[in-house]
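All remarks here apply to the structure that follows.
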Amino acid sequence: MMIVMEQTATEEQTQAVLKKLTEHGFDIHKSTGATKTVLGVVGDTAAVDVRDYEMLPGVSEVIRVSDPFKLVGRVFKSDDTILNIKGVKIGGKELVMMSGPCSVESEELIREAARFVKKSGAKILRGGAYKPRSSPYTFQGLGLDGYKFLRRAADENDLLVISEVMDREQIPEAVKYVDIIQVGARNMQNYTLLRELGNIPKPILLKRGMSATIKELLMSAEYIMAGGNHDVMLCERGIRTFETYTRNTMDISAIPILKKLSHLPVVADPSHGAGLRDLVIPMARAAVAAGADALLVEAHQDPDNALSDGAQSLYPEQLDELMSQLKIIAPAVGRAL
Amino acid sequence: MMIVMEQTATEEQTQAVLKKLTEHGFDIHKSTGATKTVLGVVGDTAAVDVRDYEMLPGVSEVIRVSDPFKLVGRVFKSDDTILNIKGVKIGGKELVMMSGPCSVESEELIREAARFVKKSGAKILRGGAYKPRSSPYTFQGLGLDGYKFLRRAADENDLLVISEVMDREQIPEAVKYVDIIQVGARNMQNYTLLRELGNIPKPILLKRGMSATIKELLMSAEYIMAGGNHDVMLCERGIRTFETYTRNTMDISAIPILKKLSHLPVVADPSHGAGLRDLVIPMARAAVAAGADALLVEAHQDPDNALSDGAQSLYPEQLDELMSQLKIIAPAVGRAL
Amino acid sequence: MMIVMEQTATEEQTQAVLKKLTEHGFDIHKSTGATKTVLGVVGDTAAVDVRDYEMLPGVSEVIRVSDPFKLVGRVFKSDDTILNIKGVKIGGKELVMMSGPCSVESEELIREAARFVKKSGAKILRGGAYKPRSSPYTFQGLGLDGYKFLRRAADENDLLVISEVMDREQIPEAVKYVDIIQVGARNMQNYTLLRELGNIPKPILLKRGMSATIKELLMSAEYIMAGGNHDVMLCERGIRTFETYTRNTMDISAIPILKKLSHLPVVADPSHGAGLRDLVIPMARAAVAAGADALLVEAHQDPDNALSDGAQSLYPEQLDELMSQLKIIAPAVGRAL
Amino acid sequence: MMIVMEQTATEEQTQAVLKKLTEHGFDIHKSTGATKTVLGVVGDTAAVDVRDYEMLPGVSEVIRVSDPFKLVGRVFKSDDTILNIKGVKIGGKELVMMSGPCSVESEELIREAARFVKKSGAKILRGGAYKPRSSPYTFQGLGLDGYKFLRRAADENDLLVISEVMDREQIPEAVKYVDIIQVGARNMQNYTLLRELGNIPKPILLKRGMSATIKELLMSAEYIMAGGNHDVMLCERGIRTFETYTRNTMDISAIPILKKLSHLPVVADPSHGAGLRDLVIPMARAAVAAGADALLVEAHQDPDNALSDGAQSLYPEQLDELMSQLKIIAPAVGRAL
């Protein structure tokens, strides 16, 4: 941490800052330049609120030199983390597709979905059992039955299962039925939930919040890893901007940035990122071209009558078409599908 | 709801849209203009995902005519809601101040805080018992003890208590000890929590999420009200923008807009909205000048040594100074303090 | 245009709106539903400020049904526009690369740049003669000499030239020396400049402003086309968001959206969109995978000593590497390079 | 400037950075901590592109310690600048109102406007002669006649005149007829225009761009001041955010921040900041409560028939009402009206 004093700071002001730093157990390296004095602070400053020093008289700026995260970073682990989930590897040479409907609407529907998902070449079946809906007057999901239907449909087709938990009370059920637990964008900073997920032996897919910076996403992953669960995937799914044509603006640049800063696998969700079926395919291609390790794509046998998110769900044929395009693109980034 | 067909839409495409609408039980009013056909849809469209129609071939745009919320709106209730909480009225002629430290750090501290808060003229004591912190390595609050200490300190000084719940498991405790339950910005769309709060007999202060639109804030209030609890206050606390000088950009215009769209009381939180002590006072004045019904302001007897958010906490003298400035401003908006 | 009256609007209020509409020469189609009255307005509403009606008593909302642009849209021209600039076709089957340094620093440098740009397979040489710099204390470009050096270097290597104009006084010079005139992001809404460019016989590359919506970019293209110059290319180069890791967030989804709404060719500028060399290559791949017709990529023989934007300029070898990756990706979107 | 090396940086990498710094004439202060090496750079780094160093191998981060602006800052001049324009003082004890219609629509109209503006107690008459309009199909202003009509109307009523220039060719005319030259939000980074305005003896009101940070606004003011013209006012007029209820989000916090960072007077434009008449009055009150030195408010004798921006123009009675409210608020911030 660096504390830059104002050009007009008095010696007393500088001493007061030094005193506070010393009281908190930091070593200080003082450097007096032509116009300004800068204090280099040595020690574990991760828990410091920089504003506590910014507010002191005579202080111009306080700058964090080190990132507040550790376990998620490349310094802690320089090689890519490759998760091996019942034989499906995420983060390595192979590009992995996860697909299925937004919600598990019925056992019938999810079994049919599992069949076309499997046929497309995807390895993992998605489907929501508990749905976060912004209106209290809409379909809220099948709950526990949703997990059970998903599990059976996946097992019949030799697929893995990914599904969301919205609350820590749902975790024990999820652990029993799903292979990857998804944390939704609205829960990215639900710290009671994150802490609980740090204690369980299941891979987590953590979605970036709509207004979360890349570093905040990494901090949330740190929360989970700090609890002991190191099997975390990071997922870009669109951020909120001023543009109104799309619900969110999918931040494709987050993919190479996350790969640079962290060793964790990076997944892209073009369905929520784009929000409209026509855009899902080009955005899925773009995500792979930018280096994503896996994709999470909504597909439905009858999107026009889906109970939720039909507008952003692909038809089965479109999923097949996307897979064939991705087969062409993957070698450009050293991958296979 | 209005469905605008493309200029180039075929008759078959229009018929397909009409068929889908009819199947869903809507009445339709078709209007063919010089260049475009527009379908007026009559019926309860609140639960419709507009994208389901936008995706149909030949459709140019789907426009919601009515707002998706009901109970929070001025159409449902045209007069201002005035909450009467143990004699303190929020939403009426009187401007109400809520103040206290960010966290309840100890019983000692909160008792002292209650004394200076009372002396300033504030009516409600704030303090966090459970703290949502973005780093897993920092102070996380005293928990249940925090609620108890707050209650006792408030009772000694004839103040009400406001404090946050982060999880639905904390609700029964909160109901026992606090007078107003606060929902933090990160939980504004935690629907399992909102639903639960709809069933309890306590006023709720609902903070706007960092990237939530004004209408989304109203939808979250609707969630609580739909459960039966109509005692909701809306709170502006800053939104995320591209500006980096402040943590958030406090959207002062949300105050008159919320007052126009809704009958619920509107509270402003300049401490989180501004994030730096120097800015809290001017932003608090601005919020009152713009029409806020109440303020939520962090203050601490020793901000330099606060365990959290010291940088945005006022000194007791600053709180007094702010109160005296607000006394001047309040009559300009027809209020008293 | 649709005018939705409030549920509580009186008959007098509705009559007043009808009167104003009639006075302005519009035909009206009134539709009274169960709860609300909606007025359909027929006529040329492109020049109407919707707020003029929103402000009238009793009006709930005013909705534009038609887009304010005409010439840029697919309704006006459904087929893709393919520009043929001295034999280089942009907007068709071939993916076109434009490359070169940020600034023309000297005749020597640009001649060398032209050689490696040509060798890479690019068809168009870029270079800035007039530089918009945010600090008054930095290099501002060579001016007219810059155009001349560019022209000569391009001619020696059988390349076309693209360069920016910052002011309408620079247009006559630019017309003389360059093949494509670039309008920078900061000038996207410089209407005196746009109007002037509508009167000249040169293709224009129009960059999206940092905070411009997709529809605003199209409106600015409309400005140029309304003057008679229909040879316009639209360029995505990153928008301003809350994310601070990158200077801008490149909005890859704008590429398929622009292709859908408009017949004009779409160019991507990953150098400004990403802002850091490491990110330029993945973002360039993503742009092509998403359907861009051409790329504008900064490259420099010695980026570490470039006078401007060295940090986002590729080394010549990196440009070659990018070209070979794009050759793999292009067929996935039905293109060749 | 501080250069932070990565934890894993090699000695060779550090030496390469040192070499580049030395070649550019900087003095370096090297500090080796427990885990990281930090290089303090002494010298004039204002013109350095920090990315040039960020890109070097082994570099983790480059941090600017000093602001890139000088003349606008409090270090350069600690006392508030008070402009005295023909006896009207802006930046001192008195709160100054500037008001009038969006456009000068006719001589008749502006003379009438000048009369009610004068009557309200305002000191400065506003009105646009050249209008930047986003559609090529709408009213574009009266041009030079607009300036002349404004001048005469102001002189008749003993008012000053403020009006916009959109292009440097309009400057000589503006100098002749107006007292304060306004630079619009879309021209905040039109550097050829700013440079020209640095050479003329007229006060400038510089509006913040829709997506400009506070520091970028200060850099643009620096451009003008660097040319020799130190009579600059800074104007907040709303920024672009994700919120769609208003056109822009007026950043009231920019007012106290600008007052803190700069000695220049700060003006607020609630008409563009709010965009709807109902919101203009509360936002004007908020701006004054937050510390603005002056207001720029659109008013029109017949807003319903205004040629532009009628929806955000106050009726004359509303302007009077606003003035009487501001008289109550002003003393709270140590001002008079």
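Residue numbering begins at 1 within each chain, and the chains themselves are lettered A, B, C and D in the order written.
In this text, a contact is a pair of C-beta atoms (placed from the backbone, for glycine too) under 8 Å apart; a residue touches a chain by one contact, two chains touch by 3 or more.
None of these values were measured; they are calculated from a predicted model.
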| item | value |
| --- | --- |
| Chains contacting each of chain C and chain D, listed by label | A, B |
| Centroid comparison with chain B (C-alpha atoms), farthest chain | C |
| Between chain B and chain C, centroid-to-centroid distance (C-alpha), Å | 38 |
| Length of the line joining the C-alpha centres of chain B and chain D, rounded to whole Å | 31 |
| Centroid spacing, where centroids are CA-atom means, of chain A and chain B in whole angstrom | 26 |
| Of all residues in chain A, the ones touching two or more other chains | 211, 240-242, 244, 278 |
| List of chain C residues in touch with chain D within their complex | 20, 46-47, 49, 51-52, 54-56, 68, 132-138, 166-168, 186-187, 189-192, 195, 209-211, 216, 219-220, 222-223, 226-227, 240, 275-278, 303-304, 308-312 |
| Chain C to chain B touching residues, read off their complex | 2, 4, 6-8, 29, 31, 33-36, 38, 40, 42, 61, 63, 65-66, 75, 78, 240-242, 244 |
| Residue numbers on chain A that touch chain C, as the complex places them | 211, 213-215, 239, 241-246, 249-257, 260, 273-274, 278-279, 282-283, 285-291, 325-326, 328-329, 331-333 |
